[in-house]
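Accompanying notes for the structure given below.
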Amino acid sequence: MKRHVLALAALTALGQGAAWAQDAAAEGIAKYREMLQDGNPAELFEMKGEELWKQKRGPKNVSLEQCDLGKGPGVLKGAFVELPRFFKDTGRVQDMESRLVTCMETLQGFNAAEIMKTPFGKGEMANLTALATYVATQSKGMRFALPYNTTEEKTMYEVGKRLFYMRGGTHDFSCASCHGQEGKRIRLQDLPDLTKNPGDGIGFAAWPAYRVSNSQMWGMQLRLNDCYRQQRFPEPKFGSDVTIALAVYMGVNAKGAESIVPSIKR
Amino acid sequence: MQKSTIATLLAAPVLVLGLSACVSSLPSAEYDRITAEVVKASFQDKGIAKVDRLVQDDANRECAAADVAGKPIDEKVAKAIEEAEMKTVKWPSDGKFLGDWKEGEKIAQSGRGLTWTDNEKTVNGGNCYNCHQITKEEISFGTLGPSLYNYGKLRGVSDPNSPASKAIVEYTWGKMWNSRAYNACSQMPRAGHKGILNEQQLKHVMALLLDPNSPVNK
Amino acid sequence: MADPMRIRAAVAGDEVTVRVLMSHPMEPGTRKDASGNTIPAHFIQDVEATHNGKSVLKAMFSGSVSQNPFLSFKFKGGAKGDKVAVKWVDNKGDTRTDEATIA
Amino acid sequence: MNSSRRTALKTTGAFATLISLGLVTQSQAQAAVDRASFQVKTVEDALKAIGGQAASSDQVTVVSPDIAENGAVVPVGATSKLPNTTEIYLIVEKNPTPLSAAFFIPAGTAADVQTRLKMGQSTNVVAVVKADGKLFSATKETKVTLGGCGG
């Protein structure tokens, strides 16, 4: 319901350029999205993720239940809305997905490099997405509050900001080309302004999400990967510092935004 | 786990400052340097999208720097960019500016081409509807760019071949060939200059915008 | 083996609302892959829901039903704690049955 | 007209072959519709497979959005207020095989079902219900829009 109102508000802001047909279209789309909320297939991935979290797996045959996602071993609630953050044990700032890979390596004995090279939707990468969906869902309804209190995190934020505005590729696009202003759209899709808190359950706070266009579950890593694909950039490696820095930039900006994961997207 | 670039790059400043708990800032140029390192370590070639696409030309570097600083680009720098970009504009080889608006509509609709999931054979689209309203019939259009509905009509183009229309016809061609020739930091892709659309395709899109028979001008 | 279904069944008044999500590619058999080969059909054809062993809904699907199918329906006569089971069979003969307790 | 009749004949033939080969079981063949009904190419043939023409009725409602942001997943359902509704069919007019789903409603179950269907383009969506052995229908148009970027 809240989203519906927001969509309408954005619409009025369009002002004189918006013809009647357009109002009807935006309203129609808002209704379509509402109809999809009931029975989000993301729940299938969440279920699978829960099973994988508790299951003894990998060369060491242990579960992930002792994984430390930043709030201590095994603490799930609230972990997602504080990620990415700096981890002393790896000496890195990590997002949820790269941190889960660390746990799969250290606790279960999986080969991290192998997992990160696996294409999205396949093998352990598919499992990782399901795990991320489960972990994120444990913070559903909570508000983003990255700790953002180390030099490493500050550096990542500044790097992320520069990446956000970096123009390149064949089309001169940057992240900001689409996500640097309020109230804009691509085709009929509303574009969140990611230079600030775009609102509850919008932008950074809307992922992982089920994408109806290809019936896949997408975490933030794949979301960013596909943004760069459409920007006509080369590919950012999974878990690379480019992806982490952008996540820190968006996550810090989204402070106070409510996580609605798992959500459902076009 | 691959060793983090950030950890390595930060090692020096952290030593200098001592391992204090407080969050310290670096000079902006230092963050620029770290960003360049991070970019180098993070991206890889995929399909037709190679890492050389990340090489920044002056226009892109200056516009991004202004954005990061949060202030408009320096006027002199902007002028210099516009002059340099203007020199890249290639005018139609046969002097004809307009093609077939029906073909233009197809190009405007298509958002294909030049991603790593495309290949050399993919026919590039113009991505126009992603950002602009164009015909009235297509309700699925973006708003990042201004509405182009009635583009020619609003500018008084009743005969695109007439001398009266010359200025606006040439401006439209130049704008599509290299948008940055008119606005240093325009977000619009440089369709001609970057080889996104070829001369024939640009003529078709020109017709979509300027042909009095195009639905755009109805 | 196929992944489990997500079944939710809730009673309100004298009516039980059942919502089911099935994990299935629902490949219609008409699409082509990148190299131009037809992707073989693989979709759920038959679905049956039972309440305490009694059939409460039967459905037949085509390949036009969306991937990871959703199904929702309502029936009378169920009570909190009763079991609702859903079974599907696809065109390859693969099948899956899951159960939920009415809340 | 001619071409659709030909299709119907061909389909019937193919179906008979399936039975003779034992690929279609007796119980499936006895159901109101059969597997072959889901292969027919036109709405007329789909209606024939269901049992003939359906009278439009305001007691039947098609639930389908005015606009779908994505044709891969369109929430579609139907409800019927007609007593003794025993079957519900969902037909997507412009799909290559229009008959998309069939529901068989035993006594005690509401004539109110929802699922999600694929639509290749903007189309009419038809719900046909069987009540007291007769067919009734309702129709609604859904517009399928193009998405952003690569779309």
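In order of appearance the chains are A, B, C and D, and numbering begins at 1 in each one.
The rule we apply is simple: a contact is a pair of C-beta atoms (placed from the backbone, for glycine too) under 8 Å apart; a residue touches a chain by one contact, two chains touch by 3 or more.
What you see is a predicted model, and the numbers here were worked out from it, not measured in a lab.
**Student:** Comparing the two chain pairs, does C-D have more C-beta contacts than A-D, or is it the other way round?
**Tutor:** C-D
**Student:** Quick one: most central chain, C-alpha centroids?
**Tutor:** Chain A is the most central one.
**Student:** Could you state the distance in Å from the CA-based centre of subunit B to that of subunit C?
**Tutor:** Using C-alpha averages as centres, the distance is 47 Å.
**Student:** Taking the mean of the C-alpha atoms as each chain's centre, how many Å separate subunit A from subunit D?
**Tutor:** About 38 Å separates the centre of subunit A from that of subunit D.
**Student:** Would you kindly tell me how far, in whole Å, the mean C-alpha position of subunit D lies from that of subunit C?
**Tutor:** 17
**Student:** Among all residues of subunit A, which ones touch two or more of the remaining chains?
**Tutor:** In subunit A, 25, 185-188, 212, 215, 230 touch at least two other chains.
**Student:** Specify, in ascending order, the residues of subunit B that touch 2 or more different other chains.
**Tutor:** 115, 127, 129-130, 139-140, 142
**Student:** Counting only residues that touch at least two other chains, what does the list for subunit C look like?
**Tutor:** 66-67, 70, 72
**Student:** Tell me, which parts of subunit A touch subunit B in their complex?
**Tutor:** 14, 17, 19, 21-22, 25, 90-93, 101-102, 105, 112-113, 149-156, 158-159, 161-163, 165-174, 176-178, 180-181, 183-188, 191, 229-230, 232-237, 240-243, 245
**Student:** Using the touch rule from the top, collect the residues of subunit D that touch subunit A in their complex.
**Tutor:** 65-70, 72-75, 116, 143, 145-151
**Student:** Across the complex, what residues on subunit A touch subunit D?
**Tutor:** Listed in rising order, the residues are 24-25, 28-29, 31-33, 35-36, 185-189, 212-215, 230, 266.
**Student:** Mind listing the subunit A positions that touch subunit C in their complex?
**Tutor:** Touching subunit C: residues 38-39, 41, 43-44, 47-48, 212, 215 of subunit A.
**Student:** Applying the document's contact rule, which stretches of subunit D touch subunit C when the two form their complex?
**Tutor:** Residues 31, 33, 35, 38, 72-75, 77, 92, 95-97, 99-106, 108-110, 112-118 of subunit D touch subunit C in their complex.
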